[in-house]
């Protein structure tokens, strides 16, 4: 990924180097050649339309080439591959909290194996931060209140700087971490160390605790939509709009259920705003995504789960 | 080159017509208001410059040891706000524009002199609020006021700084309004649009941006202040708002604002290059229309500041495409200036050195803009020192060089005194060298990935060498800016008196007395000559020399 | 303002006044009918016609001697629409990425 | 600025006291003032434009909540306010016409009517704000908007935070408009005083025209505010 950004950068360097060289040489030559000499009169030249047109259209053509190339590189950088391993990033004022799908939690450190695509699902707890790894030529602002997604694939093992590139307060320059890229063998060894079970498992636990299972059941006659196999697919809403069920939709439906109700369902779900922390939210999203893969084999556990009584009453609005 | 006849007796002019504080603080004479602006923006220039020096000193060492992190954040914020809103935006329009546009179009004064004075008072009120904000705690949100940090998380004087810039915005709007009406309604007979000096065209384009852009940032700052004071939720995601909406509204003004800063100095450079190569500008209509094109396209491109901020991929695509459309008129201008030098008879006076400096640095600044407009590269280099270097090349290398060149070129007309030519050329050279030494290393720093607004880079000591270079350059640059301050003041007292047209330049302002009388022209001028008729001027001077000779 | 008789501006003023009041009433009534997505469009259409009426007749834009004032109004509207359209474009296409 | 007025202008050499020194003649001064005013109105359009942009985006993001919040505002009051402003625009135009045709008393009467309509508008606005205050719909600490159904979806409740954004925009937009109305009343008091002193003649009444342009602009802003804020989702 870093390769093609560099290629474009070097191409731009060459183009602008040539352009500035051309202009500087012309200026210096004209300045020297047409120095003021006694009795020599400046020759008045009105201008020439063809010359003007040529140095408007040719730069425009060059610019379009640069634009197209830049757009291609940008699109590659912004469309994460399907099978990338997911890491949930929570940016907090002046630290990065990272959670692997397999459950490892890290602060300001991210261990990834070489050559594997890593998709970062990022949100912030307070202000806007920006996940910037210069070595991978990757930067993505992390916004509070929604997910932003970025991905990278490390091609060489080693430790690389991680910066916060969007000003976020006093310790903005202290919000630094590192991406540790390891050989697959080393990575497995590191992985087997402390891991509290995959993130989706914690998600399932929270899913049960909060009583989500009472409405979102595996068999279709629950009061909430069946979450199995739903992630990533288009969903029709009550007011007819079609949206794809991505991380942002799941997050929004947990925090503000009334905004995008699935067709054929009542807006009964209470808001969990303020009841669910960012980490729990990430775990729930991971669980719902794991349901998509496990859509075929309906996991018995969730169906049999009975709802604990202390569930916030149906319909009353938590302020 | 400054020759021609010099008046012996002290003639009556706008400086010695009235005396006393009242004659200055209640003046409606556009020339006196220009001088009032000159004094106030120089004051702010030195405050901003002082902050810049502190920032550079802090970055000399990786650890944040000169000032605490909080103070550093306040330093770069106030450096940005003071320089952008209190120096660069008013500098050329309010000083040179105010002084010269009525002279250049042949009018007695601007269309609304009292509104012109009101715009200076608004600037002064804004300045007092800003200085008070600085003295009682400052502001640490970055000059961009990004929410939700500015509305919810910063505990500094955001409301006061926001209101100060809100008021200074109206000063800029009123100046723009005055210029447009003057250029449309107050032109002397015979001064058709194709005979207008390109300085006036550039200010016409700047005024369009000032009029249409500034109100949007005024209302955005009102929303930020309201949200911070009343805990509304317009930009705060915790209350349902969207921080990106703030960025859209902010950059809708702030990108055209960078064209407010650069267009006037383009106008100055056009005048200087034409005068010192004794030649008509190459492709007058193209240079004039490219100013207007920059003003109009400037409004289409604002979200190239937000490529990584979280806007949709397709919006980024559109804005990247449009950003290249705004690069074309700037390129056309640079080519036309270079073509003007061809077959000229070039004199190397101080204004011309600044114009050469402008040409070189503005070209580099513009070309690095292409890097930032390309989506792929922008993801890597935005919010790093590459961006810092790019916009300083345009603002300091372009706008400030143009301002300096303009001040030197019209100093004899403004004060009737000649500045010391030797010192001026030396200062121009020091500024050029100091500038490049300061900001070129920052391009490399940016590409290596040093993020902007960092007080402490002890985790990446490899950046120190380039930072030391940059700090060294900044001290040289500071000296370069101090010199003109000194010899300009010196020249007001001891400078040789200047003739009405020391550079034998074309343009109505050189036809009147220098410094001009309060009503600019004895009798209403009638324009019968084309815009840059240097051939007629030089032919006229040659006959005069033969008659005298 | 008008080449023919003196009293005619009065007639046009009262005519425009009537049209504006009618427009207000229409806006109110149209809002009570369910036109689905077109409600907003109808409301904006009526409002724009009312605004144009005020600008052209009450603000004497119609018979302004110079085209300059019309140019000022037109360019202002253009830049306003620019602001609204390009920022809406971002919000509109955000769900596709 | 009207042609007939320019045609009537006789060069009788009577030096108009209000002709400023730096203008060649009255025509130039009048054209300059009206161009200046139109450009100032351009800045005002962009000033309100920022608010309309924020409104437009949030209306698209939270249409249901905006509908619920807008339903709680009395559209009839808004409608009468629109009618009041339209009548005031008429009286302004009549005042200018009276000045052009040297009907001094009619001009003064019309100016008084305009100001009465303006005060009436602010009065109705005051009533609206009082209602909102009582219903705790003023954004900030005391804001409460619980259990208000979204129009068209009786069982779905509006999200109080998004409703608070609507009311924030509502108060800022109508508040700013009311502020412009107060400034307008100030201008018209000054115009009334100048009219009373007989400063306006068929040949010279530029301040009246400039005041009129400003007033009509404030009316146009309200013409857009009324449907956008009051009538979002009113159909049954």
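Each chain gets a letter, A, B, C and D, in the order it is written, and its residues are counted from 1.
We adopt the following convention: a contact is a pair of C-beta atoms (placed from the backbone, for glycine too) under 8 Å apart; a residue touches a chain by one contact, two chains touch by 3 or more.
Please read these numbers as outputs of a predicted model, since none were measured by experiment.
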Number of steps on the shortest touching-chain route linking chain A and chain D: 1
B-D against A-B, pair bridged by the larger set of C-beta contacts: A-B
Distance between the centres, which are taken as Cα means, of chain C and chain B, whole angstrom: 38
Chain C-chain D separation of Cα centroids, rounded to whole Å: 14
For chain B, residues contacting two or more additional chains: 184, 212, 216, 242, 244-245, 248-249, 252, 313
In chain C, residues with contacts to at least two other chains: 68, 75-76, 79, 83, 87, 91-92, 95, 97
Residues of chain A touching at least two other chains: 78
Residues of chain C defined as touching chain B within the complex: 68, 75-76, 79, 82-83, 86-87, 89-97
Touch list for chain A against partner chain B, complex: 4-5, 8-9, 12, 15-16, 19-20, 23-24, 26-27, 30-31, 34-37, 40-48, 51-52, 55-56, 59-60, 63-64, 66-67, 69-75, 77-78, 93, 126-128, 130, 132, 134-135, 137-141, 143-146, 148, 161, 163-174, 176
Residue ranges of chain D in contact with chain A within the complex: 62, 64, 146-147, 150, 153, 155-160
Touch list for chain B against partner chain A, complex: 64, 69-70, 73, 140-142, 146, 148-149, 152-154, 237-238, 242-244, 277-280, 282-286, 307-310, 313, 316-317, 320-321, 324-325, 327-328, 331-332, 334-336, 338-339, 341-348, 356, 359-360, 363-364, 367-368, 370-371, 373-380, 382-384, 447-449, 451-457, 459-460, 534-535, 538
Of all residues in chain D, those that touch chain B in their complex: 21-24, 28, 31-32, 35-36, 39-40, 42-44, 46-51, 53-54, 57-58, 61-62, 139-141, 159, 161-162, 164-165, 168-169, 172
